[in-house]
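Just dropping this structure here.
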Amino acid sequence: MAEILKNRELQLIAMALAFLLVFIPYFVESPALDAASTKLITITAIVNAVTLILALNSQIRRGLNIIRMRRRGWYFKAYMIATMILMVVFAFFGRETGPYHWVMYAVINPLSSVNYGILAFYMASTAARAFRARNTQAMLLLATGFIVLLYQAPLTGAYAPWLEPIALYFGDTFGMAAGRMFLISVTVGAIVFGVRVLLGKEPTVLGIGREKVDE
Amino acid sequence: MSESKLMKTLATYDRRWVYLTLFIVVTIPLLRPIGMPISVSPDTKQYYDVISSVKEGDHVLFTLNTEFSGYNEIQSGVIASMRIFIEHGCKICVAVGHPEATGIPELIFNQLKKELVENGYEYGRDYVILGYVMPNEASVAAMAQNFHGAITQDWLGRPIDDTFLAEINTWEDWDLIADFTTGLATSYLMNHFALRGTPMTVNCIGVMIASQKPYVDTGVYKAILQSMRGGAELEYLTGHPGPGLTAMDAFTFGHYMLILFIIAGNIGYYGYTKKQMGGE
Amino acid sequence: MATPLFRVPLIAEGRFIGLMLDVLIFILVLYYTSGDKKIYIRRVAGLDAIEEAVGRAAEMGKPVVCSYGLAGFTYWTLAGLAILSHVAKLCAKMGTRLIVPTGGSTESLIVRPVAEEIVKTAYLMAGVPDQYNPDDLPFLSGQQYAYTGGYIGILQRTRPASTIMTGSHWSEAMNIAETSNAIGAITITSGSYISNVAALACASDYILIGEEAPAAGAYLSEDPAQRASIRVQDIFKGFALVCIILGLVLTNMGNNFVQHLLST
Amino acid sequence: MVTIIDYSIAIVGAFLAMCMFSTLYGKSSPLYALAEESYIGFGTGLTIVINAEYIWRTGIVNIMKGDYILILALILGAMILFRIHPEYNYVARIPIAIALGAQFGLSLRTIIFSGFTQQIIATIVPLFEGDAVTLLYRWTVALSVIFMMTFFFYSIELKGPLAASAKLGEYFLYTAFGAIFAQTFMGRLGLFVGFMQSFTIPPWKKPILVASMIIVFALVVIMDRTGIIEKYTPSE
């Protein structure tokens, strides 16, 4: 049994079969194949959900290590593990009201918002520091950035409507072209990478070889 | 002497001053709104035209691919769009693509209680809230191919067979997908619905505009609503002022502040940094 | 959407060309990775910046922080690992301390052991295996923002001379780049998606724009598969370019052949 | 009616959020650690609940209804857990292979259209019809895409006209970056403004927001001055 599970060819075959079962029905008109591929997709979705346990394992182990070693601020880790368990317990008491609902709006909602909102500050200090006409590239960046920023302030749009076509011009032409260029090259890159894995040229992806996960 | 000192300050001040200023200029207009005028961009007009062309009984898949943080940015667009769908009598199915978003439908429908009552909306018959049903591409693909094979219950575990969703089987049965997004499952929806022909609109956060615009241009999306500003413009078009419009003062101040800092930085660069580099 | 030029029996409408292109990529990858082909890769300017950054750290006697992103095995991560390997070799040669923050997502758990191996090998090959310190590859949890917090903490405490951030970094990249700049470190980054690239282009001293990072990785690595990828990607970019130019010429002469062909 | 629960949500939320913002002060502090660990702890708990629910609803419920093939999902899921076992980790290889294969199948079958052929088609437009503005737009996009593309060729040497085209492409890219940076800033500002708004609407929350801002700011400054920060902030 162990030999079969370790067999590298078998893994590549399993991967290729799974790939083809999902890939082919998209191009070929066959309801039976379609149904089979949907089933496999559902199975994969469930398997993916299970892998959360792996992440939990490492997170909890690391927390416990810090607590055991009494590293500075270890009680924050204990608090983290406690809140994690609490949230799971709360879920059993209903979600429309009660503690689960409270945590959702008092803790998760505001903190999730801050996590990204705080980036406005980093963007601002970057612009204040780096938008300087040092060389040609920086000058171009500064010029378009400045115009678009000015236009984006809603008040400018209302009083200086002539700015709108200029600002939109930069976003809708250069910005869009760059977006499209990136999309094309990332798409090709992603496909090539997928093919490489399918051909067995990327053994590390399957975790063959060095694969001890330790913390 | 004092001039060169000023130049040095402009070139080398502590960046925490930027942080503090931004905090203040955003908070004050939110605490005391002024109500400065705004303009409506062509993209928002297009979005408005597309989503207000829905007819009574149309099936709308209303997807929230956002965390709470992203929802704060696009909530004006979410509420204004949902109001349009309710006023047009659509059948609305809300699906979410992030665990946090399971708390958002409640926020939306709480704000639209009046509209729900006025239009006689009933849960199950006219709208359904699904939970976190789009964790990955596989689940979205399954939804597009065989809806009831992928989803059997709503977010509180009630069966969906006796709701209007009984009429839905594949991607073809949706008349519109209105997506509100910070990324997440949006590309999956595009791959498995929009590319096959389901009309789809997106209201994305500002960070995604550059990456999503090419899809509007190619017709994969029917329209795009940009960030909070788009939401404010939509509120203006629908005649229901909301959070978006009141936030626009803070937007204006935030942008102007940054522009001032950039100008100051460049003066400092030419007045101090460049001279220093030349002197070395 | 343009109408297809023709229909192929059994194949769904409008999907034939896509299928053919996928198959073509498959064949090309197979061709370029088989045998012993030497594929030329242009040296991107960013590599000089990286070498300079490590050199500066050696002069100042300060450490270098180098991360490979927090995604699982994607081609951005592989590029990041190739660059990490290069940085590790330079550090080992110059006797500079190298700190590699790891973790950041569940998927990245499987990348960590590979990164460890890479750094260890670099020190071994430079003949200073005893300088390798496993504690300099701290695991900063499987959560994006805990990773970011840890990363920033490392920057603030160790005050490196240079920060080299490659692979897939998401919204946390700006946070790290700003902190790195604030402590006066030379900041070299790479960006894999467009809005991040634009922001990092401002925040860092040098940026590897998009595909520059995988190209740099392929240039540095001996791995034929990575070099082959760059070649195949170039061929497809060339194909896109030819289609666009040909299409523009034909369309403006009143012929929509290219659009129809691509919609087939 | 504002209930005591509403008040408690606003107070705790505003306080924790301001603790998180305290990282802008430039130093990690116990307050920041409190906010961060709260988010990680409760957030992970939420992820567990939602994923368990997904497995239950999509997997177990359907198996009980007679869709027995889904048992395979549970078996594969169990096998993948061996990934962290030092000795039997090979057991996880087959399920990983299957999951990866299916995932590649899903993405490869569509991105060639959305990210490649359709993007090419969209770039091919009439360049001599329409008004001046339309023409300006179309010419700019077409030329930008072409020049930018040459900047991204790596397996050939860039010489002569190709090098010139790549240089132009680089300039065009930086022009684009300016516009994109501005759009991104608008987005981040939107996130921040939206967040602040959740504490200014309805108006009864305003005093809570202002009080939290002042209290947290004062606390951080005091902690910094008295050295408490160094003593109690966790070492990662």
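The first chain written gets the first letter, and so on, giving A, B, C and D; residue counts start at 1 in each chain.
By definition in this document, a contact is a pair of C-beta atoms (placed from the backbone, for glycine too) under 8 Å apart; a residue touches a chain by one contact, two chains touch by 3 or more.
Everything quoted here is computed from the prediction, not taken from an experiment.
> Averaging each chain's C-alpha atoms to get its centre, pick out the one most distant from chain B.
Computed centres place C farthest from chain B.
> Which chains share more C-beta contacts than any other pair?
Counting C-beta pairs in contact per chain pair, the top pair is A-D.
> Could you work out how far the Cα centre of chain A sits from that of chain B, in whole Å?
Averaging C-alpha atoms per chain gives centres 18 Å apart.
> Centroid from C-alpha atoms only, then distance chain B to chain C, rounded to Å. What do you get?
So the centre of chain B lies 30 Å away from the centre of chain C.
> Chain A to chain D: how many Å between their CA centres?
Going by mean C-alpha positions, chain A sits 5 Å from chain D.
> What are the residue numbers in chain A that touch two or more other chains?
Residues 26-27, 37, 41-42, 44-45, 48-49, 51-52, 54, 58-59, 104-105, 108-110, 112-121, 123-125, 127, 129, 131, 141-142, 145-146, 149, 152, 171-172, 175-176, 178-180, 182-186, 188, 190-191, 205, 207, 211-213.
> Among the residues of chain C, pick out those that touch two or more other chains and give their numbers.
As it turns out, chain C has residues touching two or more other chains at 1, 15, 18, 22, 110, 141, 143, 145, 171, 178, 182, 193-195, 197-199, 201-202, 210-211, 236-237, 240.
> By residue number and range, which residues of chain D touch two or more other chains?
Within chain D, residues 21, 23-24, 26, 39-40, 43-44, 46-47, 49, 51, 54, 58, 83, 102-103, 106-114, 116, 118-123, 145, 149, 152, 173-174, 176-181, 183-189, 191-192, 194-196, 198, 235 contact more than one other chain.
> Hey, which residues of chain C end up touching chain A in the complex?
10-12, 15-16, 18-19, 22, 25-26, 29-30, 33, 73-75, 78, 106, 109-110, 112-114, 117, 139, 141-143, 145, 171, 174-175, 177-178, 181, 192-194, 197, 199, 201-203, 210-211, 214, 225, 229, 232-233, 236-237, 240
> Which bits of chain A are touching chain C when the two form their complex?
Going by the criterion above, the answer is residues 26-29, 51-52, 54-55, 58-59, 62, 115-116, 118-119, 122-123, 125-127, 129-131, 141, 178-179, 182, 184-186, 188-193, 195-196, 199, 201-202, 204-205, 207, 210-215.
> Mind pulling up the chain B residues that touch chain C in the complex?
Result: residues 15, 207-211, 219 of chain B touch chain C.
> Can you list the chain B residues touching chain A in their complex?
15, 18-19, 22, 36-39, 41-42, 67-70, 72, 100, 102-103, 106, 135-136, 138-139, 141-142, 145-146, 149-150, 156, 209-211, 213-214, 217, 229, 232, 248, 251-252, 254-259, 261-262, 264-266, 269, 273
> So in the complex, which bits of chain A are touching chain D?
Where chain A meets chain D, its residues are 2, 5-6, 10-12, 14-23, 26-27, 37, 39-54, 56-59, 66, 71-74, 76-77, 79-88, 90-91, 102-121, 123-124, 127, 136-138, 140-149, 152, 165, 167, 169-181, 183-188, 190-191, 194, 197-198, 205-208, 211-213.
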